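As written, the chain order gives the labels A, B, C, D, E and F, with residue 1 at the start of each chain.
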Amino acid sequence: MQTHAKKLLVVITEGALEKLLARDVRRLGAHGYTVSDVRGGGEHGERAADWEADRSIRMEVIGDEAVIGSIAEHILATYCPNYAVSMYVSDCGVLRPHKF
Amino acid sequence: MQTHAKKLLVVITEGALEKLLARDVRRLGAHGYTVSDVRGGGEHGERAADWEADRSIRMEVIGDEAVIGSIAEHILATYCPNYAVSMYVSDCGVLRPHKF
Amino acid sequence: MQTHAKKLLVVITEGALEKLLARDVRRLGAHGYTVSDVRGGGEHGERAADWEADRSIRMEVIGDEAVIGSIAEHILATYCPNYAVSMYVSDCGVLRPHKF
Amino acid sequence: MDVVVLFFLLGLGARLAGSDLRLPEALYEALSIFLLLAIGMKGGVELAGQPLATVGPQAIAVIALGVLLPLVAFPILRSVGRLNRFDAGALAAHYGSVSVVTFAVAITFLTSRGVDYEAYFPVFVVLMEAPAIVVGIVLARRGAPGKPVAWGALAHEVLLGKSIVLLLGGLAIGWIAGPAGVVPIKALFMDLFKGVLALFLLEMGLVAGSRVGELRRYGVFLVAFGIGMPVLSAAIGIAFATAMSLSPGGTMLLATLAASASYIAAPAALRIALPEANPGLSIAASLGITFPFNITLGIPLYSHMAGWAATLGGR
Amino acid sequence: MDVVVLFFLLGLGARLAGSDLRLPEALYEALSIFLLLAIGMKGGVELAGQPLATVGPQAIAVIALGVLLPLVAFPILRSVGRLNRFDAGALAAHYGSVSVVTFAVAITFLTSRGVDYEAYFPVFVVLMEAPAIVVGIVLARRGAPGKPVAWGALAHEVLLGKSIVLLLGGLAIGWIAGPAGVVPIKALFMDLFKGVLALFLLEMGLVAGSRVGELRRYGVFLVAFGIGMPVLSAAIGIAFATAMSLSPGGTMLLATLAASASYIAAPAALRIALPEANPGLSIAASLGITFPFNITLGIPLYSHMAGWAATLGGR
Amino acid sequence: MDVVVLFFLLGLGARLAGSDLRLPEALYEALSIFLLLAIGMKGGVELAGQPLATVGPQAIAVIALGVLLPLVAFPILRSVGRLNRFDAGALAAHYGSVSVVTFAVAITFLTSRGVDYEAYFPVFVVLMEAPAIVVGIVLARRGAPGKPVAWGALAHEVLLGKSIVLLLGGLAIGWIAGPAGVVPIKALFMDLFKGVLALFLLEMGLVAGSRVGELRRYGVFLVAFGIGMPVLSAAIGIAFATAMSLSPGGTMLLATLAASASYIAAPAALRIALPEANPGLSIAASLGITFPFNITLGIPLYSHMAGWAATLGGR
């Protein structure tokens, strides 16, 4: 199995940002993204997902280091000041490098 | 905390493949798998999960490098030509190596 | 993009443990956690999530190596003997190190 | 226009206007389970009194109709539409199979006009689900290299899929329980039927609205096929109905079944059995064009066509 | 056979035939919330007119029944079944506690036959949920080393769990609002009750069907226990009912409550309080055997048994 | 107290007692879709007969009321509450906009007492959703540095959001179909209305119960504002209603709309348009205090206030 090194960015944040983030990551060069519904807790308190203003999402984006870096910086500057956001980056390997 | 190196394979694809993949990964040597419902977008367009033919899943499999490699190769050959599939591999550590 | 090394712990287990784990990880020093609903299969058989006693969750915790280590040890000792638990640790990088 | 169709237009309009309105997927699934069970049950209650001598030959004719329609559609798709064999086979399968919700709207149309029909019609819905799917796959695979069809898995997927299990289950329950037996559950399954259909159509409008955009990608042939094929199928359905001596209401229903395109059973089955086909194409056609056409203009048209046929036939 | 039971058989049959039919989990939860509230409310409305002098002593008897049943089951499970103390305690807890849906089917059985019963029976359902769970845990833990039971957490889990909160809440609402007060919501909670029960039983059939496979793993004792224990419990329930001077309908209902095995409150509570017990065992028995047995053969049998008891007692 | 309010209290009590009871999110969404459609449709059916000459001027007055209320609230929040401009603007927007469920409870209150009202009132609900949101944002942003408001995106979010699309869609469907046209779907949308409202209030009780804890963090001013502001708004609403010559029932309804605070449209819009505002603050106030106050004590109070106003006005 020959893999090619890419970066994986995971963003956990308020459901209200889903549409904005999906647009942003595409604009900043990602070829795709994946979203799931989550719940959890952090410095902004518990987000139990039990009604609409309380929904959280987890977005996953795979891409080149440069693309992932600029997405992360953008989120840090744009959303982190006013929204509940957790974000981390890790290494991953993909089989079809052109795809990401 | 003493961990043992394993590989984590993540496959994001159409809901229609769930049963087939679950069977395949077991057959190829994985001891288990985990599935969640996701939505997202990629080269095959947006998959909004708003009705049944549009559902996407995210499957996670932990295993030895060899097992994960053969699962990834199998998916690449069998499903990637005709289905929307994203796939990546990363390193992880487990506490109970016999389990995976 | 300047990232700081942290550990990511992923625990996949029975839905019945959600509240207990959320309490435990906070007590052991994590600043937060994220939970999603999953289904899957492992040594304890298939967990199809089709009714309440059969639900599984996936919990994700980001933290310092020491905190993640003590959470993992605690789960290993407390829950692994009697519950269906899968658990792995991986490296990740965060942009705001104080947050985790 | 029936009130339920207004719900479809609301969903369609909301999505085309750019609204994010979504029905939760669990609600969509719950409504479709309800509709399938209720339709089946209604037919089953009526089936009790029917002589097998009447229903048997009609059933065979209906299966033949399901086999014939994809055989008509396939060459059109190949020659006029210039589609590859996989896409042509998949579309032929969708258009030969049936849409249960289109059928439900047709029933609403008839009842609101006081027109009678053979009450055991849900049996025909069940019988028309599968044959076209099989024929479409055979047409696509015939002589083609590549992996053979896993007919066992396909039979499992189609015959034990949601549509057939619930329709057939509803039929069996209605038949066993009989008119008196279903009284305690009438308040749910009968009285709420049209309201539930309205909600389901709202969701279908939202989904159809999302597909309209894709039509541009596939061009004008698909739009023409999505309207022309149902009308052709309806005519064929009326010919069959006449041969079967169905009532005027039943003739219109068979025309509607023929004209309707599957978007539950067929997509699920074909995604597995014919992965080379582009699923976006079939769904854009069946949900983005044919379904809206059928429930707004098609059903009234098929009703007229059934009337003309009756006049021609001197009935 | 009542029509609602046919829905159970449809679900069971579909799953055993290998269908993937699934009800969305949200629908399952919604239906169970509905049933618990509706059953509670129905009882609460009736409770208004009851003298405490009648209900009080009966309530104490019912709690005693809930304590007795696991004490009967435990030694059987240990000696005949050769189960370890944890599994035996867990099973004893499940079988001493009650299944609200089995109760609902029994009520449907009685009303469709026009048999009266003490209308405040839902109070007894609430009272029988918890005691057996506590007794089962004590039996398993008694004298065993290991961590002590967190009784506080357990009380929280059981008393504030879905079943008791919604049954009790429904009772309180029905009691406060009274017959006139609930009229505006009757169309939802009363008229649709049997239809909702039917849908819920469809889901239960699917779930039960998934469990049947596991039975092989646990062997013949579990099957025998899953049928024998309810019948024995029903007999004990009838003895209590006779001592409590319940009506024939009430006698049959108490027999059914005794015979039914919990699959909502007990599994949730025991997974936390008795983690050493194998949850698959209890659920295979209660859902895979006892529930199907009760709603098909058990309820008619308990009705007969109640009749024999009445004849014996010269009533 | 109406039975639907008891469901709210059950949810509130269960959560405060520490129960984990949860309604699935899909059920919550399904219920809210149902309520919005049903309220809209009911109004639309009635709108058919109304002369535009009556409704037109009233509509303008209602929009003016929606603009005025945040202008009253903002200075109070800034000076007495010492809130920053963002939080003050956000709260003003919530309290100037409306809560559809509070409106539904008020309608239930009136119908159970046989009081008439202008049946096209749902039109006013639609008209009062948006203006206060715009005003609140302008108040917060006025003269402040920082990024400009994306008014286009905001209009999209509010005007194509769930509340307005479904209310307006329901209105249009009711209006087009007319009283006879909606008969087939009455069993779902009309007969079940109060039962569905009851279930929704159960969920609202659970959510409100989760918010009560947060109130401690925000202090006594928020509690006072959460009760005082609705009463003040109701008085202003009654003045408007008197000027608009509404019926006593309509006067009470306008008072309730004025008094109610949004928790669907406003939070969604403000989270995007005013991210600097703390969403916990607005939601703690509107869901933790004002909503419970309104449906228990507020609505009867506003009914009395409307009565006094009528007496004063010599009607």
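As a convention for this text, a contact is a pair of C-beta atoms (placed from the backbone, for glycine too) under 8 Å apart; a residue touches a chain by one contact, two chains touch by 3 or more.
Please read all numbers here as calculations on a predicted model, not as lab measurements.
Student: If you check the contacts of chain B and chain C, which chains show up for both?
Tutor: Chains in contact with chain B as well as chain C: A.
Student: Quickly list, by label, the chains bordering both chain C and chain E.
Tutor: Of all the chains present, none is in contact with both chain C and chain E.
Student: Which angle of rotation, from 0 to 180°, maps the CA atoms of chain E onto the equivalent atoms of chain F, to the nearest 5?
Tutor: It works out to 120 degrees.
Student: Please flag the chain sitting at the greatest distance from chain E, going by CA centroids.
Tutor: Taking each chain's C-alpha mean as its centre, the farthest from chain E is A.
Student: More C-beta pairs touching across which pair, A-F or D-E?
Tutor: Ranking A-F and D-E by C-beta contacts puts D-E first.
Student: Take the average of all CA coordinates in chain C, do the same for chain D, and state the distance between these two points in whole angstrom.
Tutor: 46
Student: Could you grab the centroid distance between chain C and chain F? Build each centroid from C-alpha atoms only and quote it in angstrom.
Tutor: Measuring from centre to centre gives 40 Å for this pair.
Student: Any idea how many Å lie between the Cα centroids of chain B and chain D?
Tutor: Each chain reduced to its C-alpha mean, chain B and chain D end up 34 Å apart.
Student: Residues of chain E touching 2+ other chains?
Tutor: Within chain E, residues 20, 23-26, 29, 192 contact more than one other chain.
Student: When you check chain A against every other chain, which residues touch at least two of them?
Tutor: In chain A, residues 36, 90-91 touch at least two other chains, as defined above.
Student: Where do chains touch, given as pairs?
Tutor: All chain pairs meeting the touch criterion are A-B, A-C, A-F, B-C, B-D, C-E, D-E, D-F, E-F.
Student: Going by the contact rule set out above, which residues of chain B touch chain D in the complex?
Tutor: It comes out as residues 14, 16, 20, 45, 48-53, 55, 82-83.
Student: Could you please specify the touching residues of chain B with respect to chain A in the complex?
Tutor: Chain B residues touching chain A: 10, 12, 36-43, 56, 58, 68-70, 72-73, 76, 80, 86-91.
Student: Which of the residues in chain E end up touching chain C in this complex?
Tutor: Interface residues on the chain E side: 22-23, 25, 28-29, 203, 206-207, 210, 263-264, 267-268, 271-272, 275-276, 279-280, 283.
Student: Sort out for me which residues of chain D touch chain F in the complex.
Tutor: 2-4, 6-7, 10, 13-14, 17-21, 23-27, 108, 112, 191-192, 194-196, 198-199, 202
Student: Taking the complex as given, what residues does chain C use to touch chain A?
Tutor: Counting only chain C, the residues touching chain A are 1, 3, 6, 8, 22, 26, 31-36, 60, 62, 90-96, 99-100.
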